[in-house]
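I have placed the structure first, in the form of C-alpha cells, so that the comments after it can refer back to it.
The chains carry the letters A, B and C, assigned in the order they are written, with residues numbered from 1 in each.
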C-alpha cells in the first residue's frame, strides 16, 4: 500500500500537472469572482467563504477523471487487481494520493486567496479547518465517481454529473462552517457534522468504489 | 499444487464463448493455448486470472498465485526501469529486482525512464515484472508481441528457468517458443449456439 | 407459486399484458374523476383562492417522484442480491418516469409559489431537495446510457442508486440545516391533525391513486419494452453465432 502511495505521489510530482493545475484553477476562479460581482469589499467579504469552498470543490473535480483512468489505460489496474493488495485499499490509496496532491495544497492556499476576497479575520481559522476536514471526503467521493466512469470514453462530463450531487452535503456543512466563522458565529455544529460525513465516506466509500471497479474490470 | 480447470465456461459481453474447457497445470509444466483471433484465448486467461467472473465450471489452485501479463504492461512513463520494477516488487512483496534485470538484459537501461524505451524494451520490462512478483503461476497473453528474435529467446530462457524452479505457465501465443509444453487448441471448445448460457439466455 | 416466478421475463411479459389494461383504465378513471372533482367541485381556499387547486397535480407528482426513486432502490437491491434481469430493467424503466414526476412537481410548485410567496423559486429545503433529487435522476439515467454492456450497466447503476440514496437522504438533512423554509407542512399524513380539510382531501386521494396507477402502468409498459430490446439482442446474438458455425461447417 505504501509503495502505491509513494508511486502515485512520485508520478504526480514528475508529471508536474498534479500540484500545479488544481491550484492555478483555484486561483483563477477566485480572481474571476470580483470581475463578475464587482469589487465592493463588503460584498466580497460576505461571499468569500462560499466562493473559496466552491472554488476548492471545482478544483478537486478537475483532476478526478485521471484518478483511475491512467492506470486503466496502461493496464496497471488489471495488474493491481491481480496483486495481493485488496482493491478497496487500492482505491482508498488513490484517493489519499489525490487528496495529498490536490486537496491539501488547496487547503494551504485558501487563506492566501481569502486575502484577495477580503475575508474577515475571524474567518481564516474556520475556513482552513473546514476545508481540511471536508476535502478528504471530496477526494474519496470523487474516487467512487472515477471508478464508475473509468471504462467510458470521454467520461469526464459524466463524472461531474455523477459526483457533483454527491458533493452537496459536504459543501453545505463545509461552507456553512466557513461562513459562520467569518460572521463570528459558533462553528462547532457544522464542523462536527462535516467531520461525521468525512468519516463515514472514508470508511464506507472504498467498498462501493472497489465494487464498481470490479464490474468495470471484467 | 496444481492449477485445475474443470468444465469451465467463459463469457464475453454476456455471451458464452468457450465451454467445457478442462486442463491441469502441474508444477514445472507449461501449457500453450492456440486458436485463431477472437476464439476466446484472452477471455479464458482473464477468467483464470480472476479478472472476469466465470460462467460455469471451476478453477482451483489459482487464487493469489497468479502473475498476469497482457498487451498492456502497466508501465509508468515517468518512472525509471528500476522504479517500475521496484514498485511491483514491493506491491507483491516479491524477490529483489536484480535477477529480473539480468534475465531480460535491462541493466544498461536501469536508470532510463520507461517513457523513453522502445516498444520491444518496454515489453521486456513488462515481462521482467513477472519475475519480481514471486508468484508461481504465470498467465501470459501474447507475451512476444514486438519482441525481436533475441528477446524471444531471452524470454523463453526466463520461462524455462521459472518452470525448472517449480513454477507454471499458461501462455497464449502464435509463435513457437521452443518450450517442452503441452498445447491446447481452444477451437473445439467454442460454445455452440445451442448451449449459449449467456446472460441473455433468460430472454430467449 | 412464488412471486419470484415473475422474474422470468416471459412470465413477466405475460402478466404485464394482462394487468396493463386495468392499470391504464384505473389511471384514466381516477385522474379524470379526481381532477374534475378537484378543479370544479371544491370551494376556493379562503386564503389561497383558486390557486390551491394545483395541489391535485403537485402533491401526487411529488409523492410519485420520491416513490419512483424508492422503487428503483428496491429493484436495484433485488438485482444485486438475486440477479433477476427484470428487476434491473424495471429500475431502468422507472427512472425517466421519476424524472418527469420530479419535473411536474417542481413546475407546479413554481406556479403555486408565484402567487402565494410572490416568487417562482425559493431556496426552501423542500424545493432544494427536489432539485437535488432531479440531479440524482439525471446522473442515474446518464450512467445507464453511457455503458454498453447491459449487465455491467445494471451493476453500476444499482450501486450508484444505493450510494445516491444515502447521499440524497444526507442532502435532505443538510439542506434543512442550511435553510429553514417557506414551504407549508405536509399536506397528508397519517395522524389527521395537520391534514388539509376534508373537501380537498378526498379528491386529492383519488388523484394520488390515479398517479399511482399511471406510474405502475408506465413502468410496466417501459419494462416490457426493455425486455423486448434485450430479447432482440439475445436473438441476434444467437443468430450470428449459428450463421458463423454453419459457414465454418461448409468451409470445412
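Methods note: contacts are C-beta pairs under 8 Å (C-beta built on N, C-alpha and C of every residue); 3 or more make two chains touch, one makes a residue touch a chain.
Computed from a prediction, not measured in an experiment: that's the story for all the values here.
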Exercise. Touching subunit A and subunit B alike: which chains?
Worked result: C
Exercise. Taking each chain's centre as the mean of its Cα atoms, which chain lies farthest from subunit A?
Worked result: B
Exercise. Central chain, going by Cα centroids?
Worked result: A
Exercise. Counting C-beta pairs in contact, which comes out ahead: B-C or A-C?
Worked result: A-C
Exercise. If you average the CA atoms of subunit A and of subunit B, how many Å lie between those two points?
Worked result: 37
Exercise. Where the CA atoms of subunit A average out and where those of subunit C average out, how many Å apart are those spots?
Worked result: 32
Problem set entry | CA centroid of subunit B to CA centroid of subunit C, Å | 47
Seminar exercise, completed: Residue ranges of subunit A touching at least 2 other chains are 218
Exercise. Which residue numbers or ranges of subunit C touch two or more of the other chains?
Worked result: none
Problem set entry | Residues on subunit A engaged by subunit B in the complex (per definition of touch) | 2-4, 7, 10-11, 14-15, 71, 73-85, 217-218
Exercise. In their shared complex, at which residues does subunit C touch subunit B?
Worked result: 8-9, 85, 149-151, 227, 230-231, 233-235, 237-238, 241-242, 245
Problem set entry | Residue ranges of subunit B in contact with subunit A within the complex | 46, 49-53, 64, 66-76, 78-79, 83, 87-88, 90-93, 129, 133
Problem set entry | Residues of subunit B that touch subunit C when the two form their complex | 13-15, 191-193, 196, 198-204
Exercise. Where on subunit C does subunit A make contact in their complex?
Worked result: 132, 135-136, 138-139, 142-143, 146-147, 152, 155-156, 159-160, 162-164, 167, 170-171, 173-175, 177-178
